[in-house]
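After the structure tokens below, expect a handful of questions from me.
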Amino acid sequence: MSLVEKFRRTFMRRGRAVVLAYDHGIEHGPTDFLDNERSADPAYIIEVAVKLGVDGIVLQRGLAEKYYSGQLPLILKLNGKTSLYPGEPISVANCTVEEAVSLGASAVGYTIYAGSGLEYKMFEELARIKHDAVKFDVPLVVWSYPRGSKVKDEQSPEIVAYAARVALELGADAMKIKYTGDPKTFSWAVKVAGRVPVLMSGGPKTKTDEEFLRQVEGVVAAGGSGVAVGRNVWQRQDPFTIGESIKKIVYG
Amino acid sequence: MSLVEKFRRTFMRRGRAVVLAYDHGIEHGPTDFLDNERSADPAYIIEVAVKLGVDGIVLQRGLAEKYYSGQLPLILKLNGKTSLYPGEPISVANCTVEEAVSLGASAVGYTIYAGSGLEYKMFEELARIKHDAVKFDVPLVVWSYPRGSKVKDEQSPEIVAYAARVALELGADAMKIKYTGDPKTFSWAVKVAGRVPVLMSGGPKTKTDEEFLRQVEGVVAAGGSGVAVGRNVWQRQDPFTIGESIKKIVYG
Amino acid sequence: MSLVEKFRRTFMRRGRAVVLAYDHGIEHGPTDFLDNERSADPAYIIEVAVKLGVDGIVLQRGLAEKYYSGQLPLILKLNGKTSLYPGEPISVANCTVEEAVSLGASAVGYTIYAGSGLEYKMFEELARIKHDAVKFDVPLVVWSYPRGSKVKDEQSPEIVAYAARVALELGADAMKIKYTGDPKTFSWAVKVAGRVPVLMSGGPKTKTDEEFLRQVEGVVAAGGSGVAVGRNVWQRQDPFTIGESIKKIVYG
Amino acid sequence: MSLVEKFRRTFMRRGRAVVLAYDHGIEHGPTDFLDNERSADPAYIIEVAVKLGVDGIVLQRGLAEKYYSGQLPLILKLNGKTSLYPGEPISVANCTVEEAVSLGASAVGYTIYAGSGLEYKMFEELARIKHDAVKFDVPLVVWSYPRGSKVKDEQSPEIVAYAARVALELGADAMKIKYTGDPKTFSWAVKVAGRVPVLMSGGPKTKTDEEFLRQVEGVVAAGGSGVAVGRNVWQRQDPFTIGESIKKIVYG
Amino acid sequence: MSLVEKFRRTFMRRGRAVVLAYDHGIEHGPTDFLDNERSADPAYIIEVAVKLGVDGIVLQRGLAEKYYSGQLPLILKLNGKTSLYPGEPISVANCTVEEAVSLGASAVGYTIYAGSGLEYKMFEELARIKHDAVKFDVPLVVWSYPRGSKVKDEQSPEIVAYAARVALELGADAMKIKYTGDPKTFSWAVKVAGRVPVLMSGGPKTKTDEEFLRQVEGVVAAGGSGVAVGRNVWQRQDPFTIGESIKKIVYG
């Protein structure tokens, strides 16, 4: 069974995927938890994910080690950087694929910042991770976020499509990309991603639930395979209402 | 059998080679697919290659993994960078020779940017790849594209000849270089490449078919061993007409 | 038994930890020993620690090798840099986990400077150390000190909480962070650290004993797990009086 | 038998060495072949070397692989860079010692640019090569060419003597250095090279044969062990006349 | 037996050590040999050392390989850089501990430039060397020379004491540091070095013998363990007179 197929069977049992993202503690810091202070607690987040019945959760190694025990399928995010880092964008693995597997992961995640002056270092590391993902038979989910001096708008249709294509070319078995703003342009990104399932990155909390749900509808209309959403769920005091709405749209 | 001979027997059965290049998704991004939107689909490209009956196709690992199943001989391009990358030119391997072989490759490709401030990093990596290419008995095709502050014109006869020679000196079993503009100067590049077959890099789509075909004729006249062409075939609405013309000229 | 639990059983037998820090020789240089010249002698420091009956001591490899023989539990500090180093903050391991274990360590320590332009190098190395800490079954204590051009105030509540969270996310089994100045804001750092025990870094000698003891009280009030204190003990002519006061507050 | 002795027995059978250098294709590019276009062909060069009866030839891995079959003793030059490279001088190995041996080399060569801002990278790599040269029992010939912002004149007696000494200190079994301009100053370089044979680097083609032959005489008078000459032989339409003159002087 | 003890038994049989340093060929170049041209010859230097009856000699790998055969105990200096190098101070190993042992070394030496922008690279390498020194059971002598933009005076008491402490913390079994100018301040450096023997680095030739001998007396008065001296012995036409005077003072 191909790893794309394995990803589908694990995280897209209902046709498309809703994944709860929770790597914000390292990427943005605990200020992301202030809107809903319970969200600082990984146990709470896992509980939300289980109650909502989403397809999987994204955790860094430290959280997996201390809080995860198979409650739902896990995408172990292998790399991360802080928002305090001032240099050319780079995010390095803090966990190996082998360790991820031993922590119970059903897939591994890795961010690449194409367009960074250190792009090549991430491509090098991704190659090693891809190698190990094949060896340990776990799907590789690529967070593909072009960034750098040549990237004027990270969510422009051209950049998002490029992001999708790079993930395909480098061996992703699923990918997480940003939303372009409308289904038409997003469908081009989905098209150039070829046979690799495309999840939309949820992004910052929108002003209203509706605003976010329109994006989710756009993803589905564009042929996307689902969403990996964090803040738009757990930064709200009631994560369940919006969560159910998202599920409804994604699973159709 | 030497690896040059192996390259000849696989990709130059009719004396010279026509190879379909398709690593543009990572190098240039999906904008290259806009002239002929079907070209975004690797399955379509492989189909074109098979129907045209060319000698081989160039794919990155991700495409090979998801779309390739031995339809025609494969040159697995081991490295790549995006056009968003802003620094000193560098392209690093995202696939090992061993993985390439397990994906079905009959040859491996690697780009070097002599003249880059990171030239030495590519020479170092090429050495490791050369080592493995010998170990796994697959020909090594070097994309030799000098680039950097001292390289004023990438297609000047001096630079192209230097490109050819560097590929020879570093152990290429075949090479892909740019066209100099005329057969006389290109023949010098072919000469200094010695016993290593020289393929012309097709480059951007020319205004007319004829313009490109004149280049192909020049390559043949100069003693070149063929072409690795992408955009000039699949960016045209009808890739078959020009494809057949190219074959005619190359195979003689 | 988890490594957090192992840390608790070794260094928090009385519920919370008092650890004597003594890695100043490399980090600050021998000027730190001038207030109490006996403090230059590692044998004296170990003697103080034993007499005080604290839970453990922090030493660099060289001191452990030359002076340590199991007098009390040891946290072997694996990395260090001098205060003379002028570049982007980076501290690299001068000892492996395996060596630390063979020197008798019950835990290993590693500093990360999130926010440094070389943040990623420390995250990479921490990953290798984490791997080995699990392999050799020793708790990993992370010194988490954000630093760099984006870090305006190393002791601001936001930065300290971020420091705590990064340590959790990267796999710390215990952590050492700076004090925020009051129990309320420190308790947020403790909260986002989740299941990982938080020790306050003692910092420079305060003008009065009371000033430091108020900080220790704040740590306890905030739910912290103890302190790792150096200068506030051994820079005083009488390290025992303040040491006993600290113990009283921490052990309650 | 020491590796110096082994170098002497292979390349200095007549007391001193005449070696034909031919690594210009990578170092300078094919413009070096324009004075005598036949010189672009490695087969021609090897033929010249054999006919002249010199002691050995210097080739990069690519040329050895494609053209060398034991016609005369080979020094496989392990590293190289192009003249297009714009940064701090650095030349990295494109071939391992083991590969050199399997290509038939009787010795390996490596260039160091002491004085480069990347000097330390070459010293590091030389150490690994030295290790392997001992392991595979092949003499190591060091091309010692100080270069960089502190090196005002690469052929000054002080710099050339320093070059010689560094080669000795780092473990060369033979060395190639530039000529200082006169036998008196060159003899100091020979002296500080100690027990390591010193070959003069031939350098660019001199205006007249005599001019070059005076240099060769100077080397011999200074106690040098011979010359490694390229352009002054094969850039001339008749390489044999000057070649015989060189031999006469060197072998005495 | 500890490696400090092993160092003492080999190099401090008479209570303190006199070691002849001779790594100047790489560090300063052959100009250091001009005051006494015989000093360019390693055989001469070894002869001087043996005749003087000093405790050991310091050589780089190349000299050891070509000239050393157990005449007296050897400290193999593992790293070195030239004075032509223009960048942030860094000196990398050109020899492994294993190779040093096979060349007959009784100890290995390594220079660290704390305060360099590349300090961390040397600390990293020192860690590997320390590991191997323990494995091969040879004492590690650290040349500790702080240098860089924050180091205004390399011989100030504060800097020299810091140098001594860093060597202790990083695992030195003996150290070589610069003289502070007087016994009082040097004794502080000796104190913070703890149980690790401290040798004074001889430095440039003083105007008179007496000037140097006063330094040696100061070292002894300060509790130092001896000297590692080069230029002050072999740059003088008569190295024996001053050598005997040094011995007299050091051995007492």
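In this document, chain identifiers A, B, C, D and E correspond to the written order of the chains, with residue numbering beginning at 1 in each.
Note that contacts are C-beta pairs under 8 Å (C-beta built on N, C-alpha and C of every residue); 3 or more make two chains touch, one makes a residue touch a chain.
Quantities reported herein were computed from a predicted structural model and do not represent experimental measurements.
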Self-check item: Topological distance between subunit B and subunit C, in contact steps
Solution: 2
Exercise. Calculate how many whole Å lie between the centre of subunit A and the centre of subunit C, each centre taken as the average of the chain's C-alpha atoms.
Key: 34
Quiz item: Measuring from the mean C-alpha position of subunit C to the mean C-alpha position of subunit D, what distance in angstrom results?
Solution: 55
Quiz item: Which residues does subunit E have that touch at least 2 chains other than itself?
Solution: none
Self-check item: Running round the ring (origin subunit A, first step to subunit C), the chains in order
Solution: A, C, E, D, B
Practice problem: Please name which positions on subunit C make contact with subunit E in the complex. | Solution: 23, 25-26, 29-31, 33, 37, 40-42, 60-63, 65-67, 80-87, 90-96, 99
Practice problem: Enumerate the contact residues on subunit D facing subunit E in the complex. | Solution: 4, 114-117, 119-120, 123-124, 126-127, 130-131, 134, 146, 148-151, 158-159, 161-162, 164-172, 188, 191-192, 194-196
